[in-house]
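The letters A, B, C and D name the chains in turn, as written, and every chain counts its residues from 1.
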Amino acid sequence: MVETAGPAADTTILRWIPLFPLAAAVIHGVLLGLLRRPLARRATYWLSCGAVAASFLVSLFAFSQLLGLPEGQRAMVDDVYTWIGAGKFSAEAAFLLDPISAVMILIVTFVGFLIHVYSIGYMDDDHREDKGFQRFFCYLNLFTFSMLVLVLADNLVLMFLGWEGVGLCSYLLIGFWYSDRWNAYCGMKAFVVNRIGDFGFLVGIFLLFAALADVGHPTVAYREIAAAFPSITDRLVQIPAWLGGGEWKLATVIGLCFFVGAAGKSAQIPLYIWLPDAMAGPTPVSALIHAATMVTAGVYMVCRMSFLYEAAPGASAVIAWTGALTALFAATIAIVQTDIKKVLAYSTVSQLGYMILAAGCGGYAAAMFHLGTHAFFKALLFLGSGAVIFAMHHEQNTDKMGGLWSTIPRTGAVFLVGVIAISGIPPFSGFFSKDEILLSAYVAERVPGHLWIWGIGVFTALLTALYMFRVYFRTFHGVTRVPPDQMRKMHEAPATMLQPLYVLAVFAALAGLAGLPQVYGDWLGIPDSNSLGHFLAPALPAGHGEHEVSHALELQLSLLAVAAASAGFGLAWWLYIRSPELPARMRETLAGLHRVLVNKYYVDELYDALFVRPLIWVSDRVLYRGVDAGLIDQVAVGGTARAVQAFAARGLKYAQSGLAQSYLILMVVGTVAIVGWLLR
Amino acid sequence: MSAAAVLFYVFAAMTVVAALGMVLNVRNTVASAMSLVVAMIALAGIYVILEAHLVAVIQILVYAGAIVVLFLFVVMLLNLRSDAFAVPRSRLVKLLGMVVTGWILWVFVRLLPGSLPAVKALPEGFGGFRDVGRELFTSFVLPFEVTSFLLLAAIVGAVVLAKRRID
Amino acid sequence: MPEIGVIIKVLFMVLVVMAALLPVITWVERKQSALMQDRIGANRADIAGITVIGLLHPLADVLKLLSKEDVVPAGANRVMHLIAPVLALVPAIIILAAIPFGGVYDFGSGPVSLVAADLDWGMLYILAAGSIATYGTVLAGWSSNSNWGLLGSLRGSAQMISYEVTMGLSIVGIFMVFNTLKLQEMAQAQDATFHLLGFLETFGWISHLPSWLSWLQVPMWGVVLQPLGFVMFLTCIMAENKRPPFDVPEGESEIVAGYHMEYSGMRFGLFYTAEFLEVPVIGTIVTTLFLGGWAIPFLSTQDIIGGLIPVFGVGAATGLCLILQVLTFFLKVIFMIWLQMQIRWTLPRFRYDQVMDLCWKIMLPLSLANIFVTGLAILLIQEAGR
Amino acid sequence: MPVPLEHVIGLSAVLFAIGTIGALTRRNLVVIMMSIELMLNAVNLALLGFSRAWADPTGQIFVLMVITVAAAEVAVGLGILISLFRNRDSVNVEDVSLLKW
């Protein structure tokens, strides 16, 4: 189907990347579910971490081979077998490695590996159930597999498989401690909300396939779609009246449908509500799934479909604005949260907003860049918070922390690195990626009000610095609010937890240099320093995001961003170090606003009133009691039975005289009648 | 008219008469069985005329020699006395039977003339046990084997059914 | 001409076997029993004081039976009561039609086969005819409206049906060995000898037999090739005949006289005749199947004729050979008769369940095994032969 | 073939009809089963007639099969008959009409 890569590259190695974690997961599953023989913890984590490490190494190898290919045609396809073949429709189980997916698999396997290692220490003190340890690693491997399928998939259908797989694993892991009803509820919430997004995604796939089939290209493979797309670019579709009617561009409709899916996975307005609750899961899960990898699937998908969005400016505008609003919205909420993981969760939402914003503004490379850096520093932050929580014996509320630097300085140090990185203070990674995003927003003329978006971005950068440093100060500095005896007993996390932190800290600090903008490259005398951008460029449309602005302007913009970030830092320092009594007074003066923010704008309550309760009511009264019990059970099933019974009792039973010969007579008459008719 | 033809018609007459005797004799079951035997043997004769020697012998061995004896055996075992079935059936049933029979005969008779195949010349040893046996153990070996299963099932069923429960 | 020939043969068989053998058999039976029971036995019947060592007794019997009143019990079914003895006797006679009492001889005018009806499927014919004999028993008991008779015919029919099965299976081995159902062919096949150790050569276990063993020849008789079949067939066919030790249908001590209890006079005589006639008939059958028929051991037909021609010339030699072989045949038959007498007077009557168990639980599996082994052996020899 | 095939088939038709009448009108189960045997024989006759006409032994094979099946049927049928007689002391087909409304 797809033209294969050059002879140099052996493409069949790709299949091994997802295969290793799958194998591990299957082994765990068989041992746990079928044989009921849990492995020893040591064997368990050696198996899981080994599998992920193996696929990371294979990924590196594949990546090197990809680099070996000439600039223009960097793509390796491993066509394993035809997964679904039905007439014209056929979905291959094929893996595609191009720059985008290469970046993704490196992030997924590398960060995933670190988090696996981290989990060894973190889950070790969890004694809620004996099999929990292996179950956790089983799910973790399964998630890695699904994620790799998602990013490596060569076509939409296979990608959807991974898409659902990660959703399932997130559900399983959020509700990992299902004995606690709240966790189970959170898992369900995440799953249901994701379903809504998946629905949009599916509709998008169907629309796209139908349209392509119309023009004679029934395919779901990316590159064929991309090839055949121009023929349907200018199509118009009639929107049903209840959706407002009118003629829309098909590309726009499809793009919006896809974006619904992206919004579901990447927690954008209005579907972001599941992510904060997802923090009910173990912290490594929050780090891996709900910060580094899964939630970025939406961004990845938008970039993957970039050629489509290039043709659908309307959809892009919607995306950009959604991203911008999400970023701001989540940031404002994050300011007042006291639960350390909640803050990180909202910051994740906010950062995802950034990425989506970039993608909407055509800065796909910027989005991918930020995706990468964010994966590092947000994983770092989560794991750091995990270390804190570990030290505090599963206490997450920052109101009960403070001044921890004296007891766990190493954790504090790596946490600080993460904070600086996310706040976008040079030269840490967050600065460069965020800078590129803002730049791409600034220059995206085709997006209506792109300057406003840029403004929002800058302001959000300020808020980001504010709330991140707020959390940092409230946790590690100032007067401690921890009972002294606990303070004395407190100690650092074990090595298996700390060493991944160090590694992540290094990357969080330096990853930005991978996509060093040309401006600074010139200073340092590095020719085309934005290696990541160059690497991604051929796979992404040479959109307006890339077009040149004068270095002077670029510098001014980044200075502005830095200024905003440092302002946020200063504000946080003023409020929580310099005069710690101020926040309380502000809370009193702005009581109303504070309450709204603490309650996250009452969005959950709103949804509950608007959707959840009516839905439950309808399901119970109409669907269950009306349709199922009433219509199907009573009328359809029971009715049929009653009808047959009545008929038999009235007339049919008299045909059964019990006399063998009467039956025989009927039989003979029938036979003879048939024979006679045949011989007529 | 060849001797064989004469024999055929004689046997045919015997068969029909014996069959009628079997069906119409309402007083005496054993007599019915005996007339059935006569019919069987006469049929065996007809089979010989039709060059089906093996089948003819088997006919006598199995039908006359075993099956009908079995009937007689059961009749005697149950010691069925004759008169129990003397009561005639309702006219309606009889009429129906006649009508149906008329139907069948009519259909068959309509079928007969012209629609039958031309008679072919016979190969050597046709209908002998070698010929039939070869056919039976080559082309029809599977049905043959399946038949053995059928017989086994029949044996078991008969034993189970007829065994007197001791309780 | 051929029809005449057939008629002559039939008459020969029937007359010889019935008129000559039958009285002798009854006499032999009497003497035999007397011998065994330490009595003198039949020695009274005399014509003018001459008692030919009791050989006149059969004559007296016939006269008595013919002159007795012929009673038909009340409530009996006359027709059936009349038919039954005939049905019992006829099969025994018609079986003789298929028995070869001599070989195939050529007096220049085409080969003459000394068998009334040389059927392709002669053995099957014998089985079929034998199966008809059941009706005699069944009807006799049923028609005479007597519980003893009914019980007798119940037992008789069950026993005969059962043993028919085993009898048929027990000679399948013979069919396989001689590869024919034609009795004359069987007899001819047995008109030969084979080397007792020949199998060693056949399977190539030794290159060739040493000459000093060449005298180790055996006639190729059914009894040699199928000893188990011989025993089983003899048992089955004697059970078919319902004489002791298989006389449960009559069982004087249990059910008075069984199925022919209500018979008297010549009707009983017919049953009696049938029973006694079947003894030589059995003899002929067993002889033909297992004892080489008319064949003279170690002297095959062509040996005899070839040896006699120089002395007498072709025609006379053939005729002489014919006479010799027919005599041999009847000698063997008489031996079989004697053997049956021995058995009849040696063994006591079995119990009914014993009879049935012997048939279904012992001989049926044995006969099946016999068939299997025989087939295996034949296959092996064919393989070795090729 | 000494007689025209029509006559063989006709004979078989007549026998079949007689058997049918017996099976339909008699009430003695034994006789009914015997009538069924008669019908089977009629079919056999037709099969053999055709086999003779076509000079094809297949018909005879079929007859052998039919005979086998008939034997099995009689064995089982009579077994049922006996146990029936034990329970209901009758072989009248109209006494076994319990299985109805």
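The working rule: a contact is a pair of C-beta atoms (placed from the backbone, for glycine too) under 8 Å apart; a residue touches a chain by one contact, two chains touch by 3 or more.
Note that the structure is a prediction, hence the values are computed from the model and not measured.
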item	value
Leader among chain pairs (count of C-beta contacts)	B-D
By mean Cα position, the chain sitting nearest the middle	D
Mean-CA-position distance for subunit B and subunit A (Å)	81
Chain centre separation in whole Å, for subunit D relative to subunit B (CA means)	6
Distance between the centres, which are taken as Cα means, of subunit C and subunit B, whole angstrom	30
Centre distance in Å when subunit A and subunit C are each reduced to the mean of their C-alpha atoms	97
Interface hub residues of subunit D, defined as touching at least two other chains	20, 24-25, 27
For subunit B, residues that touch 2 or more chains besides their own	54, 58, 66, 70, 75, 77, 93, 96-97, 100, 104, 111
Chain-to-chain touches, reported pairwise for every pair that qualifies	A-B, A-D, B-C, B-D
Residue ranges of subunit D touching subunit B (in the complex, touch as defined)	1-3, 5-11, 13-22, 24-28, 30-31, 33-35, 37-38, 41, 44-45, 48-55, 57-58, 60-61, 63-65, 67-76, 78-83, 85-86, 90-92
Complex contacts: residues of subunit D adjacent to subunit A	20, 23-25, 27, 32, 93-94, 96-101
Touch list for subunit B against partner subunit C, complex	28, 30-31, 34, 37, 53-54, 57-58, 60-61, 64-66, 69-70, 72-73, 75-77, 79, 128-129
In the complex, subunit C residues that touch subunit B	77, 79-80, 120-121, 124-125, 127-128, 131-132, 134-135, 138-139, 141-143, 150, 153-154, 157-158, 160-161, 164, 168, 181
Contact footprint of subunit D on subunit A as seen in their complex	653-654, 656-661, 664-665, 668
